[in-house]
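Chain lettering (A, B, C and D) follows the sequence in which the chains are written, and residue indices restart at 1 in each chain.
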Amino acid sequence: KEKDGASSPSPGAGGSAAPKSDKKVVLVLPEKIGVNPFFQLMDEGVKKAGKEFNVTTKTVESTDPNAFEQNLRAALADKYDLIITATFQAEDALKKVAAENPKQAFTIIDTVVDLPNVRSVSFREYESSYLLGALAGLSTKKNVVGMVAAADIPLIKKWTTPFEQGLKATNPNAKFLVNYVGGFTDPVKAKELALLQFGQGADFIIGASAAGDFGVFEAAKEKNFFTSGQDMDHTSKDPDHIVMSQIKSTDVAAYETIKEFVNGSYKAGAIDYGLKEKGVGLPFVTHETQTKLNPFITQETINKVKELNDQIVSGKLVLQNPLAQK
Amino acid sequence: MNKRKEWASSLLHPAMAMVFGLLVGAVAVLLVGASVGETYAEMWKGAFGSFYYLTNTLTRATPILLIALGLSMAFRAGFFNLGAEGQMVLGAVSAALTALYLPGPGWLKLIAAIVAGVAAGGIWAAFAGWLDAKYKINLLISTLLLNYVAIYFAGYLVAKPFKDTTGSAALAQTPMIDKGAWLPKLFTGSSLHAGFLLSIAAVVILFWVVRSTSFGYNLTMTGSNGQFAAYGGVRRVPMMLAGMMISGGLAGLAGTVEVLGMQYRYLDGALVTPGYAWSGLMAALLANSNPIGAALASILLAALQTGAMGVERNTEVPLEIASVIQAVIVVFVSAKFGYSFIKRRKARNDRGSAV
Amino acid sequence: MLLQMEQITKTYGELTANKAVDFTLREGEVHAIVGENGAGKTTLMRILYGMEQPTSGAIRIRGKEASFGSPRDAITSGIGMVHQHFMLFSSFTVAENVVIGAEPVKGAWFDRRKAVERVNELSRTYGIPVEPERKAGECSLGAQQRVEILKVLHQGAEIIVLDEPTAVLTPLEVKELLAAIRRLAGQGKSIILITHKLHEVMEVADRITVLRGGQVTGVLEKAETNVEELSRLMVGRELAELNKSRPMPGEASLRVDKLLVRGDNGKPVVDEVSFRVAQGEIVGIAGVSGNGQSELIQSLCGLRRADQGTVALNGRDVTNKLPGVIREAGLAHIPEDRYQWGTAKDRTLVENGLMGHQSKFSRSGVLQKKRIHQAVSDWVQKFGVKTSSVQEKAQNLSGGNLQKLIVARELAQETPFLIAAEPTRGVDIGAMEFIHKQLLDKRTEGGAILLVSSELSEVMKLSDRILVMYEGKIAGELDGHEATEEAISLLMAGGKSKHE
Amino acid sequence: MVTPILLAALGGALCARAGVFNVALEGLVLVGAFSGILGNYLTGSVFLAVIFAVVCVMLFSLLFGYVSIHLQANPIVVGISLNFLALGLTTFCLRAIFNVKGTYYDKNMVGLPKWDIPLVQDIPWLGGVLSGHSPLVYLTIVIVLLLHLFLFKTIVGFRLLAVGENGIAAKSMGIGIRRYQYGAILACGALCGLAGAQLSLGQVTMFTEGMTSGRGFIALVAMMLGQSSPLGTMGASLLFGFMDAVSIRLQGLSIPTQFTMMIPYVVTLISLFFFKDKGYLAEAQKTSGSSR
């Protein structure tokens, strides 16, 4: 029930003849998986790889930053061959622990830690956010687009800033509304905010508030506006209203890492996934989907967005990482 | 009631409560189909199983203990401070900013940061005290509300003006503090830092203050019967401000040592998510505002938390159930059984309902 | 026999509060229980009322064995109790306080109008006046006492226990209460009266049970005994007559000039009062309670703001100074309400004894615990405070014993000036004699004492001069050695009685 | 919007009036929200789901009652632990029963209906505010009035107040303190069950772990600000809701979000200057442990 629409570059491809392996891999998360589909995907990627390549896997969740460091050190003590972790929250602790243990292999997903024994897998979400913005600009009928974001913190800029850039690029007159829920677990407030933006004239309202997105979906269903989800393809949940999704294949990142680790092709260093690698994207545009395209978004729009995608992939259109520092 | 008996009963009953709590926890474990023995063994190992885990537990106990000590002082003076969270956060952010932006050698930054952290927490708490003394604004409500104000304000500081502009910068956090201003670790490879020594020093000092100084006596009497204290020449308002100031100052110190000893920066939410303030409140109440008791209770609560992490890591019992067991044990540890049960009831009834 | 308590024993840890006590009550009689502080009177009654369970022994009502697990059981068996310390809901009205537990209903609702009617009716039937719609907390102590009695009557009690009901009342209120008690007995109620005042016993009781050290030392018919015999049974020795020498007043220790204190409603409760208390003299203040005595004392001690006028203590102006400063200037104070002002109930005797002595028993802020412990132990011994140890919590002491501790603490301040407000309230006659002697000794040593007491006999016995307060003013001054009860009463009443 | 807060605050007020300081509101509402969804899933009827939520939370608050009344545990410690317990338990059950992590959302699940009030709904602006809510919202208004009548007009309510005002005196009158405190705690459980149901079945139709997001603590503030009287609590909750709405609308302006989010709390704090010490407050503090 919980997992619809798997992300499209099927991670299973080519994993059929896995050799037996006695390797042990652990995924240590800096937070509880809880409301974060992004961690859920990672967990699934790890489990899947574990099954296919016959590696022992384990997922450890943490309640808070200090607990995370303890869990990381405990994983070290338990002699895992590969320790995978994720996100910015893990950076500080990983830098410390990895520097202290130069022999141990680490992978961090979704951010970069520049150490010789760490493999960093990051995502250029801003590319897909830009596409989504462009798509919204082309699709909106009322020229008002909203976004219900989790909290006013720098991280969220990965979604808001490029989205707005994309929106203005295709539709300079469109109005962009942003509201912050102030938390990641509050669908009630998110729904209220979505209804508020609807009342202010928005006809396409993007959810970017973790569990709050479900509140946005529900508002969309109730008031008949259009919406988009995050991290995985949510369109099959309610194709009449959830007409888009921003995909971020953290499962692929986790899966590929383990696969390479088992194959022996694993290397430390930075990798990043963007539109080009299909690590991020939009259904219909970059990723295939089972869902039928909602008429709100015309095929013509999709085609235009595809063009933008090609420009980004080919490097003709260069986007700025909103978090990059001058 | 002689002293030795009181001591014996004060030890016996928590022990009985523990046993009962573990029994109820065992039911929870059985319900999820895991092995009780293994779960508790992992819990023990996660909390005290080796020197490393022991230091982990003590690290976790440090902020809880500082907060509990502070709250005990406010409770003694008769003031219920629900604002430890905000006081801790403001202390932490002040300490981080001081350590970051004060020029000078590391040791100076370190000391200045500690002073700033304590002062920020203390002043924030005293502000609530002042609102109460001057405008009769209910302390329970004001401290609770001021938490939100403090947390949002600190969040603003690190999301906007003092944001980390190095590294990936996705989080609302300050840049990392210079190594020179860090609280030293006590053992290599373990997370236990000098903040723990500070908290132990605070236990000893407060224990002495409460038992052996006229200030401590005046504070206790103000809480016990304010009119009696006033009659004896003790001034209520200074006592309340002092009690709140110490309380907030120690909460601020809790935030400060987390910043200077653990995270080396102020990270938005990092002090709120672990619920240190709530744990500290529970420890202070469990210990009946006694500093030594607060130390024991804090270590117990921290051990339950690190133990739960161990359970999560090494068994099939999910994290949530580990936290359920933890909560259940605390619920029953606060319960009073048997002989003291009767005694306490009497005392309670004589005093009306009491904390 | 209406009630029999047989071989009641009650122990608290190592302390035996009641030891094989036999007690009987006849229908329609007023039965007094007398005894020293801590003799076990209250404990015996708490057992009867189901608030405590006896360690051993039995209770029979009309010959049938009864066991009371809670006050509810006692109430259903027709027993009502007025506690030594009031059990009122201060934010509720008098009527609500009276009817609680058996409220009149109208449909599903609490019929407050009917409650008022019922209270008025009860009040008429038994001649106990109250104001049903006033908040209980705002009533004078006398009125609160009456509310307590009406409450018991409203429950339909046949046996009414009154634990030291007169301790906090003014002479007039006492007189009215005693009359009410006789009336109740006349209407068939049976009454158990605990008191330290033997003349009250002789006035209303039919029979008397004397307790000493938890044991019965005598059960007597009133007609066959006298005050001397009772006090001998209580104390176990003869009481000496107090000898008061003529005063040799020295310089004024306390000067009060035109002191004015306003009440919460803005009206003066102390109205331009001026007087002096000299070294070596005891000045008594008499008056019906509620005439400003409390406010006067509180403003002298710095516990309440004075609106006008000056107070000088030992040559220093202490008007509206902080209580600590005034104590420093040489004031000690036995407060009128020992639980409100005088103690921290949940703290030990040592901690309670330290109050006001902090600077004496500390060196640069550090308490000298051995010395404190020693001092409090000495007081306990000297004043005969009955307690198992000085580490006992104050709330476990009987009322009178706690009072002795407070008196000891304040006398030990050795200040030139002492306020003694109701210094012997709730104290047994032996201890009262002792406290009186201590006060006179202090006077002989040159101390200045302001005695405030609602007990006329006490004021007359100790004072060198008597000031009578009426409606916030000093209505007159009398010589303590010549004043008569009539003269004082007349001034107290201000020409007409306040309670009509 | 304010309904869940108000309902929980009413429950808290009832407890406070009986002399129990209940800080477990957050956890109770969370359990209510979860069991509302669970009930809906099991029975397929929203009506039964609401009942189910109420019953579940009453059972949960029975635990609070048993430990704090029978075992004489400190109610605040128990309350805090129950908040943690509720979070752990609901998350676990979410996984055990629905086999999801984080959020249970089923597009086809039917939530509470929205009732339009004839005539009122046609009033411009006001109609939109007053009409078109779930039945629980209207029920809440009725509950406020009923509670007011109960506390201040009935005998049981009167005795409950007596228990909270002076437990020893109530006991000496043979009023069973425990019975009243249990009653208050259970009623609080029922109200928190409704609050949770309104959250997970009324406002949205889903459950997310930790979805109460601090509403229980706001309820605590509302209850204290309203001096534990039903009408006062309602006023305080409305004030908070109103300021929250204002704060959301200020988000678009140039003020940093952190400051707009502070507004409801700051305004509540300021409102304390106007609604202070009306006698009851002192009592509330006595019972809640701050002996001033």
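Operating definition for what follows: contacts are C-beta pairs under 8 Å (C-beta built on N, C-alpha and C of every residue); 3 or more make two chains touch, one makes a residue touch a chain.
All values derive from a computational prediction rather than experimental measurement.
Of all chains in the assembly, those touching subunit A and also subunit C are B, D.
The busiest chain interface, judged by C-beta pairs in contact, is B-D. Across the assembly, the mean Cα position most removed from that of subunit A is the one of C. Averaging C-alpha coordinates per chain places the centre of subunit B 45 Å away from that of subunit C.
Averaging Cα coordinates per chain places subunit A and subunit B 36 Å apart. Distance between subunit B and subunit D, defined via averaged C-alpha coordinates, is recorded as 27 Å.
Those residues of subunit B in touch with two or more other chains are numbered 155, 159, 323, 350. Within subunit D, contacts with two or more other chains are made by residues 91, 166, 168, 171, 256, 258, 261.
Contacts with at least two other chains are made by no residue of subunit C.
Applying the touch definition to every pair of chains gives A-B, A-D, B-C, B-D, C-D.
Within the complex formed with subunit A, the subunit D residues making contact are 1, 91, 98-103, 105-107, 199, 203-206, 208-211, 213, 248-249, 251-252, 256-258, 261. Considering their complex, residues 1-3, 212-215, 217-218, 220-221, 224-225, 227-235, 347, 350-351 of subunit B touch subunit C. By the touch rule above, subunit C contacts subunit D in their complex via residues 49, 51, 70-76, 81, 83, 87-92, 96, 100-101, 103, 105, 108-110, 151.
Contact residues on subunit A toward subunit D in their complex (touch as defined above): 1-2, 32-37, 40, 151-152, 177-180, 182-183, 185-189, 191-193, 196, 210-211, 214-215, 217-218, 221, 237-238.
The touching residues of subunit B, counted against subunit A in their complex, run 52, 56, 59-60, 155, 159, 163, 165-172, 176, 189, 191, 258, 262-265, 267-268, 270, 273-274, 305-306, 309-310, 312-313, 319, 323.
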